[in-house]
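All chains are identified by letter, namely A, B, C, D, E and F, in their written order; residue positions are counted from 1 within each chain.
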Amino acid sequence: MVYLCRRESFQAAHRLFNPAWSDAENEEAFGVCANPNWHGHNFELIVTVKGQPLPETGCVIDLKRLSRIIRQEVIERLDHKNLNLDVDFLQGKIPSCEIIVIEIWKILAQALRPYANVQLHALKLIETKNNFVEYFGEPVVAQ
Amino acid sequence: MVYLCRRESFQAAHRLFNPAWSDAENEEAFGVCANPNWHGHNFELIVTVKGQPLPETGCVIDLKRLSRIIRQEVIERLDHKNLNLDVDFLQGKIPSCEIIVIEIWKILAQALRPYANVQLHALKLIETKNNFVEYFGEPVVAQ
Amino acid sequence: MVYLCRRESFQAAHRLFNPAWSDAENEEAFGVCANPNWHGHNFELIVTVKGQPLPETGCVIDLKRLSRIIRQEVIERLDHKNLNLDVDFLQGKIPSCEIIVIEIWKILAQALRPYANVQLHALKLIETKNNFVEYFGEPVVAQ
Amino acid sequence: MVYLCRRESFQAAHRLFNPAWSDAENEEAFGVCANPNWHGHNFELIVTVKGQPLPETGCVIDLKRLSRIIRQEVIERLDHKNLNLDVDFLQGKIPSCEIIVIEIWKILAQALRPYANVQLHALKLIETKNNFVEYFGEPVVAQ
Amino acid sequence: MVYLCRRESFQAAHRLFNPAWSDAENEEAFGVCANPNWHGHNFELIVTVKGQPLPETGCVIDLKRLSRIIRQEVIERLDHKNLNLDVDFLQGKIPSCEIIVIEIWKILAQALRPYANVQLHALKLIETKNNFVEYFGEPVVAQ
Amino acid sequence: MVYLCRRESFQAAHRLFNPAWSDAENEEAFGVCANPNWHGHNFELIVTVKGQPLPETGCVIDLKRLSRIIRQEVIERLDHKNLNLDVDFLQGKIPSCEIIVIEIWKILAQALRPYANVQLHALKLIETKNNFVEYFGEPVVAQ
């Protein structure tokens, strides 16, 4: 098993707030991240798949294909977007890094299903150099 | 003369658009950067001042003081803000990197005037690792 | 389970030496790192906690609170300090990255105990871009 | 168990191609990476070993020794080399990151065998900031 | 005047050698960089143009257009290429960073001539994090 | 004229304090940087020389030679040292970045004098990612 990682990036606006709460409660919970006029980040997404290198190419999967899948399925829907308003798969959710990464997992696990040689292993979503999350999907309970 | 540089950062939302133009014209000029629902970045600001090191401290200026000035005068007005809506010194302007850096120069040149030992030399504003601007102020024509 | 990572940093002096050994033995074992007059580093500490995102915030833990805990419990005791002389929890120990990271684990595992929703998962201590350690705590034997 | 990581780097040329295929097939499979006149990268290799810190040094292994082993056994055979033509342990193989990392594992697992206190845990091979692989060796099936 | 910077990258193979010299003389002058089978790098190119921000856009030049020019005129001719063999504008030249950056300047100064609002100011060519060059063109004698 | 840059690094301890002042005055002026037991940093030094590429090599100067000069003249005297106690050329001086960079300039300007083809142009000394200085030498008054 080799773990192959591909980094892509997107720049987006968002805010953290719970619509069931008052403005004061949101500011108490989220601080400046609740600013009603939004703020934003240069996000980086690192997708890790695992698999055996194919004998004829030496590669686990064609990296250009993997990059194209990530871009078409995820990046194009997030880049230069408002994560609260513009993204179908985040509708009705709080676009924290934790929630975004779980939703991206669902999309990529589905999109990579036809590629029998690889399995989605991990996602890393970097909001700033100081704040980032990792997710290994639900079935990987033993990690 | 030694050039002393201090890096600070802020995370903000913005969009590029000219209110005198139609949506189609804005999209033609600015592409995805004109998204009406905003996008955002992790901005980095590098402030360079120049001066002679003071004999008693070996420093051009106390770095903690320089950092405090930059934060109070600039960063607190930009961080976790919408650059089009929330920032007094950008009202009525297109918040491109070029415009932002010119406006920050005016503020910092003014704020640093009481510090006779240093002179504002350069500002670098980094929007992404691929896109950034530098500004040396108007009087420095010979640069 | 989502893994949430927070990076903090501290700048400190230290030396590697075993007081039971002669100077020659220390230099043999540790080379320039045994310099009696100390040397130093810009250390970076990455703390990873794991947990389920809370439904009402979408977050595993409030990042500002996590940052505050790390700073109060660890960073303030290490930053701009001499790791051999100034740090209570390193007294009588050789302040190698391996030992520092184990001692930080004990402190943070204790400090995070009141936060039932998260569990300390990993610490990464970066001494230089070329040298760093990771630690997953004692109980995680199966890792 | 503490995980100790050492980063080394090498600059090399390579191309991806399968000698059993026509030029057209190679270009179809590998795109520009199949360029017959080669291309190249600044590769970074991160070697992770795990072990208990030794009581007398506080270290898992002497980092200078670990660095020397990696350089002598691996880096000197790869640095400023053509990975298809100049490297004995890659002869007859497609020098993809996946294949390179597996072959480096064999060499380092062997070279580290005399050091009873540590065990090779992971290799990370970075071809570009966007493309990299990780490998944990064959026996670590449960990872 | 605002200085606008755009970073692009290419991965290429090259070797340093003077065809008028013997192999021994080349190895004496260039060391491992003269390896007849080539080596390679992840190069980064930072292009700086200067100009007044246009009142209607707030920008010195449309960054997407600047990026497209750099890619079409320079990057596509260098990326995944052999700098000694595959690049028309480097034929008969030693592809050191110094020579490459001078030749890129000629191309970009020409390509940017139609854009009256901006002037090419500087090129930075990064071969590794440790080795890079800057060039300001010939006419800028006063720099 | 091409500007050639070489990055080297050193890890050192220091403290900022003026021996003519009381402890209280030093702490007032320098804050935590005055800690009597020292602190430390991973310093990076970027040396820029300028010159015409030599026709027979395409290079301004042999980079390995430039690196060797910087290491022998500067890095070996600073690396894993205490900048207040161990460094001859900093005796009796406050080892702020400003002072260090001026003293390094004197050494390197002298050491590079035999290399008629190049001239020392700039030094950049990076203490942390947030704090760094640049120096262009005394004669370059017009910069």
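General remarks:
Following the convention adopted for this analysis, a contact is a pair of C-beta atoms (placed from the backbone, for glycine too) under 8 Å apart; a residue touches a chain by one contact, two chains touch by 3 or more.
The shown structure was predicted, so the numbers you read here are calculated from the model rather than taken from an experiment.
Between chain B and chain D, the least number of touching-chain steps is 2. Comparing each option in A-C, A-B or C-F with E-F by residue number, the pair that reproduces over half of the contacts is A-C. At the interface between chain B and chain E, under half of the residue numbers involved are used by both copies, so each side presents largely different positions. A straight line joining the Cα centres of chain A and chain D is 28 Å long.
Inter-chain spacing, taken between the CA centroids of chain B and chain C, is 34 Å. Centre-to-centre separation between chain C and chain E, using Cα means, comes to 42 Å. Each of the following residues of chain E touches two or more other chains: 142. Taken pair by pair, the chains that touch are A-B, A-C, A-D, B-E, B-F, C-D, C-F, D-E, E-F.
On the chain E side of its complex with chain B, the touching residues are 1-8, 48, 53, 56-60, 62-64, 67, 142.
Looking at the complex, you find that chain E touches chain F at residues 16, 18, 20-21, 29-31, 93-99, 101-102, 129-136, 142-143.
In the complex of the two chains, the chain A residues touching chain B come out as 9, 11-14, 32-33, 35, 37-42, 79-82, 85-86, 128.
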